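One chain, chain A, appears in both complexes that follow, with chain B as partner in the first and chain C in the second.
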Partner chain A sequence: MPGMPTDGGGAIVPFRGEPGLGLPPPTVRPIHHGVAPPMFRIYVSWSSGNLLQVACLRAPNSEGAGGAEEVAGSVVEVNLGGGGSGGSESEEKIDEAEMRRIEYGSVPAFALLQSRKNALADAAALSRASVPDHAEWWQYVLEYSKTIGSLLGNADCPAAFMLEDPKAILKVREKPTSLRAAWELLEIFYVDKQLQGWLPERLVDWLADFDSLLSSMGSTTYSKLSNFQKKFINLQIIEDDPDYWNGLSAALSVGWLDTVVNMLRFHGSYQLDQMDNRETENGLVEAVVVLVSTMPRMRPNLPTGKLGQCCKTRPDFIKAWEKWRGQVTKLECSAFWIQCGHQKTRDGLKNLLRIMMGNIKDLTAATSNWLELFASHFLYIKPFTVGFEGMHHLAQKCIQLKPPSGTNGLTGLFIGVLSENPEVVLAECTNNFGPWLVTHAMELLTADNDYADIMLHEERPNLGGISLEELHRLVYAQVLCSHSLTWQIAPTYLSSCLNQGLGLLEILLLKQPIQDNRLVLKTLEICRLYELDNVSTNIMKVAGIYHWKHGRKGSGVYWFQQAHDKVHLDRIAQLLFERIGKSVTDDSFKQWEGLLELLGPDIGSAGGLEFLHRYRDFKRSLQQALDGRSGEAARKTVDFLMQLMRNPSTPQRFWLPLLHDSVELFNFKPNPLMDVAETTLLLKKLRELSMAKLRPDFSSNHLPSHALSSVKLALASNLAYAILEDP
Partner chain B sequence: MADTPSFRRHRLASSIDFVRWLPSSATSHSGRLLAAAVHDPSSAPATSRIHLLALTEPGNPLVSLSLPTRATALRCSPSVIAASTSSGSLHLLPSSFDSDAAVAISGGAGFHVGPVRGLDCGGEEWVTAGEDGRVHVVGGGADGRVVATRVWDGKGMSGYEAARWASPAEFATGGAGCGVQWWDRRKGHAVVAQCNGIWGRGIVTGMVHSVDIHPSRKHICVVGGSSGTIFAWDLRWPQQPIALSGIGLNGMYEPVCESEVWEVLFDTYTQSSDIVSSASTRILPVMMCSEDGVLAIVEQDERPLELLAEACAINSIDIDPQNPSDVVCALEWESIGVLARGRETMSEE
Partner chain C sequence: MGERQVAELGPGTACCGWNHCGRRLAAGAVDGSVSVYDSHPSPSSKWQVSSASLLHLSRQTLLSPHMKMNAPFSDCSFRSGAGLANEQAIVNVVWLPPEYGDAIACACADGTLSLWEEVAADDQLPTWRKCKVFECGNCHILNVHFGLHLGNLKMVAAYSDGQVKVYELSDSLELDKWQLQAEFQNIKDPISRLGKPACTSASIAWNPRRGGRQQASFAIGFNSDSPHINSCKIWEFEDAHQRWLPLVELGSPEDKGDEVCAVAWAPNIGRLSPQASIIYLYAFMLQSCCIL
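Moving on, here comes the complex of A and B:
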């Protein structure tokens, strides 16, 4: 794309932002090209990845060069990187290398799922009557989801093997990422059918894992507790501190029972020297501890270290729940509270009891944001909330009670999921988590959701006839292509795009650098996998030309041969002839040996180079014949000569040199080596050559002027002998 | 994808082109050591380095030597780590691992122009064979400097991709389309034998990527190259190469792979399945790695034994000379794989 620079200010292209749109000003990148102005031409083109190649040229004969060596032009590469992959996670940005690890790891899972999808579709097409096995399909998607989830980190295992601090309130764990939180959320709602009945508890678990990520919305239970943790070490009387009780109620409201129990045990009344005077107080604290740790929970199992009693079925749960609530009420009405001397303990514990009773006012006060309030509803008010509609309604109520103070990608995603709106889910994923998540999460969305399936797979004229699914895959593939380490995995995604994928794949492969043989072979391997034979032929031709131009003639010929490129091989043959024509009597011919060796015995594939092969054989044989003076070797040499002279591919300009080289053979004593017919043929060729000499395009060779006459003489004498010999 | 007790992956967050065991005579506090040639195109400008890594903690390089361009070969001798680059230079890092003591021969008209993929250590001397068709022997001069002696200048007419010493006087090279050559320095630094090899799929020529010579059978080369081809070349019958794997070669089992065979090594750990008749005529087991992610043992007239089938290419392998059961490989997806072969992997066969 050539552009003419303007004179003023060195600006090349004036930028005209639409005034109404309020676009940000363009980023200006100074380029150090070292070419003195005035500039004549500037070419800009994309190189691989984020690199932009800018070629700056001066006018070919601009005056003022002053004789000194001035740069006539230069090519500089500008790296436009640093934009990231579109993710906007501010608090825990995944670095590029880590993101690449996730990208690599998700390729096999994605490819496996696609091949299973195709296999199921094929099976369904064969037996039209039976619909594809749905149960089987979501199992596959779940397996895929678990594989990808494991790449994003494991929130359950501790970050490292370390001795646990006895005074630690919060367990040290691997830092969670928004990417993982979003993935798990989608898995919970869209894929994991087995655990659908225990959905509320799963959301509580999810919040426990990822609460720390919600800090952009204001304070969270996690931030309250971690702030208290810092303060905790310096506290003398822990139960006098309001933050202690605030932390306790916050942790209880979101169901972190182990944390609550752990914190309650730090209460001053447990200290041995105070046991006696604070017996009742301690009894009350311990009673709350027991109630907290026996809270019934509607879930199949509890991970080790978590507290509560597990109830798998609804009737079991209702029974346990009634009993437990009864115990909580009983404790609240107990007479021991009057005997409790410590005011703050009394208020704090009573507050905890009210939370356990499901008092909406206290829950609202204890929780920090609407998501926490939402989770506390499941724990203490409506443990049987099921269905998207009910949940969405509840979420709306929680948002009203605790209006969000900031935005967070996760809450947006949450609302999108609850409102059963796949468009919103997709938009939130695109805006907040980048193309990797969108591409891989689409499989989760469509696992068991017909509406999302239709929405993603419908071909849209406004997108050029491609579906939303294809669009997002193409976007992700472009991101992969823009990095030289990840471009190799882009074909997996491009090949799953039926409309435009293959075309883009061809472009991608053709744009790969061809300087390095190993990289070329890697590109060709991808061509082989996707059966893109004409692309690989093109790449081989380009590589051939590159190597030939850079003096690696052998490599050049190798690639042309692999590409079956007769045109270029013939042209190379012409070039070689010119070189050899000059050094025909020289023994520097040895240099060409390697190249001829390369051509191999299959001269058919070598095009015009076939001649060189025969010529080499002839020269070698001639050498032996002249050295050894044996009749047999000489006869063989003549055979080679005759083959060469008869072969139409032997260039005319080599006729005379060949004959001149063979003069000694023609004079071979005692018997002539050639019979009458052979000699006649050679004489005919000689005459043809004399005729050709008159044509303007005849190329003269560097033989002595008497060459022609000496050949003629030798042939004539040979003919004479041959006639005599002829029986 | 998951790691197993016998196979572990370690991420390095940059492209790893080659990985080698360091001979353990070069001892250190950190236990067994690896050398890796890494390339990071995402930094601006792109960087290439040799890393010295401890097997216990490959994430943190102990020593790092910067290279001018991407490494095209890496070899270790007991005293030196050597790497050649795509710009034709050779870099020698002594086993004191002091990167200031590293010696380099820069690329250019006096040495190699373009990538040098053939590199091997034979006692005191190194052989380099480049795509420019030049072959050098590099050794220590009288005054302690390294001196490169040109053995041959092919002037680009043929390009070499691999080199291996057989004895202090003989070495083998291989390249694009030219098969394998046997060089003898006692005979005027010249090619004394030549073999085009056997290539599958009806083609007559392919690219050689790797040559290995067994230390106790110096007349036999094993060669790995394009289109999944692995063949052995016995100097005693130079015109009859023996096919070990390849597409469409008769009398063979299913080829172990159809893509580029990046590296072949004689596997001293795997016992030949036919011990009684393992006379000198039989080719010993060979380990190979390929672009389609296969790490396998191939043997003459035997079904190949697949050790790994990765989702990405395996660019380089090395067998620990001291503990031949341990194999290290460079994976395309920015990681190093360490395979510990025990009894259980062998009993599967």
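Moving on, here comes the complex of A and C:
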């Protein structure tokens, strides 16, 4: 029977993928919730990004063995994403704050490149004949790559304010990260076309910068030298130590000429007290130093402190190379070796010469792994190796000579690049360097590679119709969404995903809590940027109801107005109207005056608010008239009163309170404020009110019982005075 | 891969539910109390005893030491049910959409449903207020779910006799005025109408798609003694006839009639692709899993 719980797993819902179908087994992730069985209910809910919230409940009535101390239920938040930090080796994982700095820093560069890409595409669409300018695009990508590269740290700059130790073999530098190593590698191979001719030397430089990262593959030149450095301080006769010569040959084989020269100068024969006895020996050491320092290098320039002769063009290099090799051969055949008394010096120096001559056996012995051997080929055997095919072939040969003992993300990436296989490159990046690198490096892969371009942009039905590029961007965006400090930058990436990005962006924005006003403003700003008017209206409505319900009526009205939410505003206007109708005392007047101001005159189709505005004007004026006792203010108040009483939209239940408020005006001395006609109108209204009182639907006002009679009396006396005054 | 315990639920917790942004969790207990856990530490989330609500229990924040850097879940509790004298276990807690404030619906073991909302007066700490109690005589309300359609809040309630009732809120500011809009049984064919099936639980999911033109629709499945009632169906409101019609019945012949334990819609994120119109729905049944 399908779906029966299996004996072993106890799964309620079995996985339908049969082993024979070639589907990968489902990933099972145990969650440590700390709730003892039997489990009663499990609730699951997606939070933002990759966060999943799981609530595990124990049967409420179960009598567990642990008694009261047992946990009744537990809520666990699980981050299903791999996290943003790159680095394949756990020991060099970039810490979260540093990764966030990189994430934030890379946003402007990414956005600029996308906008340039769109601008170029638009220009191409306008002038259909012309294709986008490739040269220009390549420059843009290079600029992007340099910007991102600079975020990952500068391998060349020494750690700040470090005093140079005279006995230091290796320069103290900022610790390189594999994220930077991977980025530079991709830049060298895919973007920097300007320096393509000098590719071998660039790889030698790359290895010099990042050799220390290859330690997971076994020993490296870097590790040999740093081990020797520790030993060095305690050594009496340095040239007697085999590690000295091993370090020298290793450093020379990978082209660290300055290190070699530096180390050779520590040779005992340089010491003043030994100069006389070891003259020939010292001469030989110095000769090697000169040869090492003048080694021809085919590269555009040499940074200060680096040794060698710089040859920019191939003919120049060939000439210098022939001459230099001639000198090396000459020194090797020199008669002075016989006079060199120190056996280890003689052997060590000769070994260095053989390395310089490109002896494969010695190079293989001197280097620590296949990548170092690969670099030494460029330096001493095949300085003109160009093209991916040739390099890949060479790499295969090096791997055969020095089989790798461990795996490393960087070497995997290297092989992927050389084998011209963007799928492998992408897979290596995904597995070893995290979604940040993948998302940003895709731009490098497609800079000038049509195959990678098609591979990344092809819409795939098995991915729900999205392309690989979009998939990786979405994955990265989800990682950003999973953290409250990075979700704000996710929209940049989501908006670059044409198929599913905007939908996810809407979900992201709608899920932001609205309790914090600053956060709401931030969310609304993002909505404005991406023209998500529906979403911003929704957020404003939600914020409005939240503030309204939590006692901040003014903020609530403000947000409803921003959202143009007529339904809520009308309802609030009605509420206000009803509340004021119940009690028109001076205390409540102050309370609703502000709200009334906020609501504005346009709200309220039933004319309710229009009435309330007039009523407010009347109340204000009345206050002034009673305080100041000036005839002018009193007359103005009467005008307001007459307007209110004449207006049919003034509800009947307000008549008596209005008149009662104005009793003092009716008794205004010495001259009556109202003429006969006005007073008669008010009396008529009073009579109408008395009739209405008999009807069952009449709502009584909370006025003193004598209110009606006092109004009547005041009006009567006013009428009397008015008749007397009437000309 | 990160994993952290964000809250420990109190003894007797029987059900829980997250709000729309996943930052608040309401947990109902067998003693009829509901605790609301909040992941945002702010002065307003320090709950205190208030006379306005029926009962507030102060509960200490439970956290494991390594989580102190993160936002702790503070909580507040209040008692639900038909009344204090009748303390009924809570079987389901569901949040209302955020457009209607912070409000929850609690289905109790005695079959009543109560709506609660968080309110505060000027400069005072928020309290939970009971807005409405739905009672239904002989049968029980098993579960409810809320959805928005054309700016109106609708509530689908599943009853223990297999009835489905759709209510509409008639006041946008208050949660106490509801109108019964429709009442029907979860069956596709009127001929298969049965007498009185006994249902123990129901699962409801409103179609979360936003946008004005979209027809209101929801999926519902029961756990009962009647296979016709059980099977998950998608109901859609037809404007022309002003009534709810079963759009589709889910399930293959082999598992037809199995009890439905949970239904949920997948988020529809594709906006521009033609697939945007395809419905994704997950219905987990007791014996098989069906994903469309």
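Going forward, the second predicted complex is superposed on the first by the 498 of 727 C-alpha atoms of A that agree within 3 Å, B and C clash if a C-alpha of one lies under 4 Å from a C-alpha of the other, contacts with A are read in each partner's own complex, and residues count from 1 in each chain.
Definition applied: a contact is a pair of C-beta atoms (placed from the backbone, for glycine too) under 8 Å apart; a residue touches a chain by one contact, two chains touch by 3 or more.
Keep in mind that what you see is a predicted model, and the values were worked out from it rather than measured.
Q: Given the touch rule stated above, what does A:His550 touch, chain B (first), chain C (second), both, or neither?
A: Once the two structures are laid over each other on A, A:His550 reaches both partners.
Q: Where does A:Leu291 make contact in the superposed view: on chain B (first), on chain C (second), on both, or on neither?
A: neither
Q: Going by the contact rule set out at the top, does A:His33 touch chain B (first), chain C (second), both, or neither?
A: second
Q: Taking the superposition on A as described, I'd like to know which of chain B and chain C A:Leu57 touches: first, second, both or neither.
A: second
Q: Going by the contact rule set out at the top, does A:Val663 touch chain B (first), chain C (second), both, or neither?
A: neither
Q: Return first, second, both or neither, reflecting whether A:Asn517 touches chain B, chain C, both chains, or no partner chain.
A: So A:Asn517 only meets chain B here.
Q: Report for A:Asn79: first if it touches chain B alone, second if chain C alone, otherwise both or neither.
A: both
Q: Counting residues of chain A in contact, which comes out ahead: chain B or chain C?
A: C
Q: Which of the two partners, first being chain B and second being chain C, lies in contact with A:Arg41: first, second, both, or neither?
A: second
Q: Can you list the residues of chain A that meet both chain B and chain C?
A: Residues 79, 516, 550-552 of chain A touch both chain B and chain C.
Q: Note which residues of chain A are touching chain C in the complex, please.
A: 1-4, 13, 16, 29, 31-34, 40-41, 43, 45-48, 51, 53, 55, 57, 60-61, 68, 71-80, 82-83, 464-465, 498-500, 502-504, 506-507, 510-516, 534, 538, 541-542, 545-546, 548-552, 567-568, 571-572, 575
Q: Touching chain A in the complex: which residues of chain C?
A: That would be residues 1-18, 20-23, 25, 27, 29-30, 37, 40, 42, 73, 89, 98-102, 117-124, 126, 151, 171-173, 210-211, 254-255, 267-273, 275, 284, 287-289 of chain C.
Q: Spell out the part of chain B that touches chain A in their complex, as residue ranges.
A: Against chain A, the touching part of chain B is residues 1, 11, 13-15, 41-42, 44, 70, 86, 113-115, 131-133, 154-159, 161, 175-179, 194, 196, 204-205, 207, 226, 258-260, 291-292, 311-313, 332-334.
Q: Could you list, by residue number, the parts of chain A that touch chain B in their complex?
A: These residues of chain A touch chain B: 49, 79, 81, 96-97, 100-101, 104-105, 107-109, 147, 483-485, 488, 516-517, 521-522, 525, 528, 547, 550-555, 557-558, 561, 591-595, 597-598, 600-602, 605.
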